[in-house]
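Got some structures for you, see below.
Each of the next two complexes has chain A plus one other chain: chain B in the first, chain C in the second.
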Partner chain A sequence: MASARLTLFWLLALPVLVFTGFFLIPLGVVLVSSFTAPEDGLTLAHYARILLDAYHWQVIATTFRIAIFSTLICVALGYPLAWYLVRIVQLRSWRRACVILLVLPLFTSNIVRSFGWMVLLGRSGLVNDALMSLGLIDRPMRFLGTETGILIGMVYILLPFTVLTIGTALARVDRGLEQAARDLGATPARAFWSVTFPLTLHGVMAGAIIVFSMAISAYVTPALLSGGKVTVLAMLAFQQYSTVFDFHYGGALSITLLVLTLALIGLASRMTRGRTPGAGGH
Partner chain B sequence: MAARLAVRALALLTLAYLALPLVVVIGGSLTETKFLSFPPQGLTLDWYRVVLHDPTYVRSFLTSAVLALAATFFALVIGLPAAIAIARHSFRGKGLLSALLLSPLVLPHIVIGAALLQYGSALGLVRNFPALLVGHVVIVTPFVLRTLLPHFSPGQRALEEASRDLGASGWTTFRLVTLPLIRPGLVSGAIFAFITSFINVELSIFNTTAALNTIPVQLFNYVQYSVDPSIAAVSALTILAAAVGIVLIDLLIGLDLLPDK
Partner chain C sequence: MTLLAIDDITKSFAGHKALDHVTLDIRQGEFISLLGPSGCGKTTLLRTVAGFMTADKGRILIDGEDVSRLPPERRPLNTVFQNYALFPHMTVLENVAYGPRRAGLARAEAERRAEEALEMVGLAAMSRRNPAAMSGGQQQRVALARAIVNRPKLLLLDEPLSALDLQLRKRMQIELKQLQVQLGITFIFVTHDQDEAMAMSDRIAVMSAGRLEQCDAPEAIYRRPRTRFVAEFIGEANFLPLDGAGPEGVLRPEDLRVLPEGEALPPGWRGLPARVTGVTYVGGTSNIYLAAGPRELLARSYGLPPAGMTAGRTVQAGFDPANLHPLGA
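Let's look at the complex of A and B:
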């Protein structure tokens, strides 16, 4: 027993030390400064400034809208792609090439990827050229500086995460269960929705949570694709630290972003609880 | 059958969507014009010569690579023991501990970066390599932990006990029994960790200087002023480096991200 405790101590010493010293305490410093002001000590003024102001609510709404749409689209596109890679592709080398293509954007920075979209989505970019030559539009559409443009860039960056988590879950599904459902007379669609899909739901949720949390706190992609016309919460917070140097108001913005993120993730994991595989059906 | 066809079509379109910006960046870097254009007008490697003779780009590239390698190493050193403790031991505050160690995954990197800047300035831990490294270790460790945890299953315990009963030491059991079982998790965790560090802007941006810069931060600063083909060339080089890295990983340890069965 004593040796088990000792093992545990050695296993946890470094993780706890590093995360306390370089994560908990720094965040504590931000929390404290968000509730204080240089002159009047303890104050709620920074939060009042955020929560009693229509502009801030608008920024928060934009941030959430982009994050929620990014998550939905990533799951909607990621599931078919994961299915294709795990179930449909027979040729090993082609699947390998697809996985490399999937991981490749992840290995390149947000900048490189957003930069590609800056070129593609410009007024005379490839996307506008294609849409015009197809006769779908007669004037170039404005993508840069719109939420649509940001969304295209965000989904692009976050999609591989859902494909990987869903694909891993899908690969682990026992196909005998599906076969059993089919043998008992279920249509392929019914077999999918009542057997396969619930078994992969934990992968879907894991991917969705990664995507949502990355989307809500994204800075680079919105900053580059917004052209200064759309503002998200992370951009507002960064301004305070980098150009205004207001650690107190910036801290309050950071804590707001943090609390909103955690609240939504808590809600998401509560929703899936009891629906994970093994927890029993209805 | 129609559903299968639709899934196939949608998947191929999605793959094209994933490839498109990379193709544009690589294509744009080959243009002979002074401004970025795609499709490229003429073909030249001149912009690569410009970039490779620019010492600031070369230095940033090396900084990023060393930083990502070091961060991944420390993330494994911290994440693996933590995963073993959480998966195999019972102790008070376990839920709290795993929440703490995983939370950088969901917390905005901008916030963590700002916090480390504010706190680090009190310790003199700012705008140097250790300051960058500390932040990167904090944000990449959760990737290792998160991908590792699902690979520990209660069933493995029986195998480990069997190994111990047959006389293997704790270390030998770990090396020969536990490690192969969790290898896929370790590999994908390390990949995610490396990626996350290598491409990070949000955290690095607080601690980089003109002399100590990472490649993404340098590009970020550059892209806001001008969009010329040399940026496309640097970007194309990072894509190339990424491709070489992925293929190497695939050949050396197998990129079993999406296993067969």
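Let's look at the complex of A and C:
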């Protein structure tokens, strides 16, 4: 009896310890340092420096713009891709090959992949070559150092997440439900929007949240593809830590990013919950 | 008047014929059961009529109009699916109002119709519930309400009762039949259960291996089966030569009488010597299994089996030749 209770204690205590040790303590350290200064103790000066300054708001806007567009594009591309994998591919081995192809890049380093895109997106890179030979453009487009370039790199890295979460949700939707909708007079598009899509919304949301939080805190891809011409919050924070060694100001940047992110995700999930009554359990 | 004409439908899956030249005319207001062993093509036929599948050959006509090329949403019929296929993200009311909404009604009017349909199946009080929070029988009724709310001319039901327990099933059989008569909707009802088909149908269509074997009123199917398959599939059958030798006829077990050896037969009856191989007494009827030469026969009568009717005894099996129905007629 006593030993059983002890086991239970450790079973509960270990995850709590790990969670505290790996997540809460580092976060606490950052939080505390963001509210303190070496000379005059508790202060809001770092936040004031961020929130009362136009340049910072500009960086925040860029960061959110890139993250939101990455999310929208990943969902918009991920849904049809997931549909293709789940609904159209009949051959099981081909589906498996597609999934492997999709996940494989996740196992290689972010840096390597971003360098790859640097090469591809360059003035005489593969992308410009292709666009020119197709006659779509007649002068090379500038991708590197633009938000478009960063977006391309981000979408490439983050797309698998939405494909996987949406695909999982889609595979669980009973196709008989769509047939029932058609039987009751819905066109294929109607059946999709009124039945299939709401039933996969939790997968869309899960994918969107993963992509958004990874995009908003991304450092490597924006840093490599920005060519120093675009700055996002994570780059700013990293500079404070690595070159200026200002942990307090850097911490405040990180916390600002975190709070804004959580606020946006909270807002988004509240909005979608309002729109699908009774979808809670599915 | 013919409502639905299934005209020479053939459908193959990878060379296997799921439907083989099926032709069937169904009248307005009829209750037709599709009966047949698993895999004989009942669901395939229903899906072809509903428009979820296109036939390789043949046509589907509703009210004289060829609907073979129309998508499901444009066919004037509705379906009750075997697993009900209720929308899990909608309330019961929203499920039932889905059809009227697609027919272009405003939300308020659609919901009023839905309430009416729910009333009809006795679920008016549960309209705000989630389908997942209902019993199988209740979900069944929701599916039914959803399918009849638009008052289709034709309702297709694919084994709608198969997931229910026996008692509920019997009750639903009666309610379904009442609803069908009340609304005057034509029902095509797929079932595995021959008693169910016998009890509910105006006509029964018996299928086997993609072919329509026979479509007739229940008593005609039972009394005058056209093929050996139908005779064996519906009820139990003895097969005996029509006159001494030659083609065989069907004799139902209740028309076969077991008499002691040497007893005189009623005038005009035929008798053959047989040996009792087994006797059972089930549900108020007794079954006597006989062997007449190489033939196995079954005689059924109400009440207890006659005294001394034990395995091994030699008897005579007698019947009125008028009850011996020739196959193929």
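Keep this in mind: the second predicted complex is superposed on the first by the 263 of 282 C-alpha atoms of A that agree within 3 Å, B and C clash if a C-alpha of one lies under 4 Å from a C-alpha of the other, contacts with A are read in each partner's own complex, and residues count from 1 in each chain.
Convention: a contact is a pair of C-beta atoms (placed from the backbone, for glycine too) under 8 Å apart; a residue touches a chain by one contact, two chains touch by 3 or more.
Note that this is a predicted model, so its numbers are computed, not measured.
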Partner chain(s) touched by A:110 [first = chain B, second = chain C, both, neither]: first
Touched partner set for A:245, first chain B, second chain C, both or neither: neither
Contacts of A:187 with chain B and chain C, given as first, second, both or neither: second
Of chain C and chain B, partner touching more chain A residues: B
Chain C-contacting residues of chain A that also contact chain B: 188
Sites on chain A touched by chain C in the complex: 174, 176-177, 179-188, 190, 194-195, 198-199, 276-279, 281-282
Residues of chain C defined as touching chain A within the complex: 50-52, 71-73, 78-79, 81, 83, 85-91, 98-99, 102-103, 130, 132, 146-147, 150
Footprint of chain B on chain A - complex, ascending: 4, 7-8, 10-12, 14-16, 18-19, 22-27, 29-30, 33, 77, 80-86, 88, 95-96, 98-113, 115-120, 126, 156, 159-160, 164, 167-168, 171, 188-189, 209-210, 213, 216-217, 219-220, 224, 234, 237-238, 241-242, 247, 250-251, 254, 257-258, 261-262, 265
Residue ranges of chain B touching chain A (in the complex, touch as defined): 3-4, 6-8, 10-12, 14-15, 17-22, 24-25, 28, 36, 38, 77-79, 81-82, 84-85, 89, 91, 97, 100-101, 103-112, 114-120, 134-135, 137-138, 141, 188, 191, 195, 198-202, 205-206, 215-216, 219-220, 223-224, 227, 231-232, 235, 238-239, 241-243, 245-247, 250, 255, 257-261
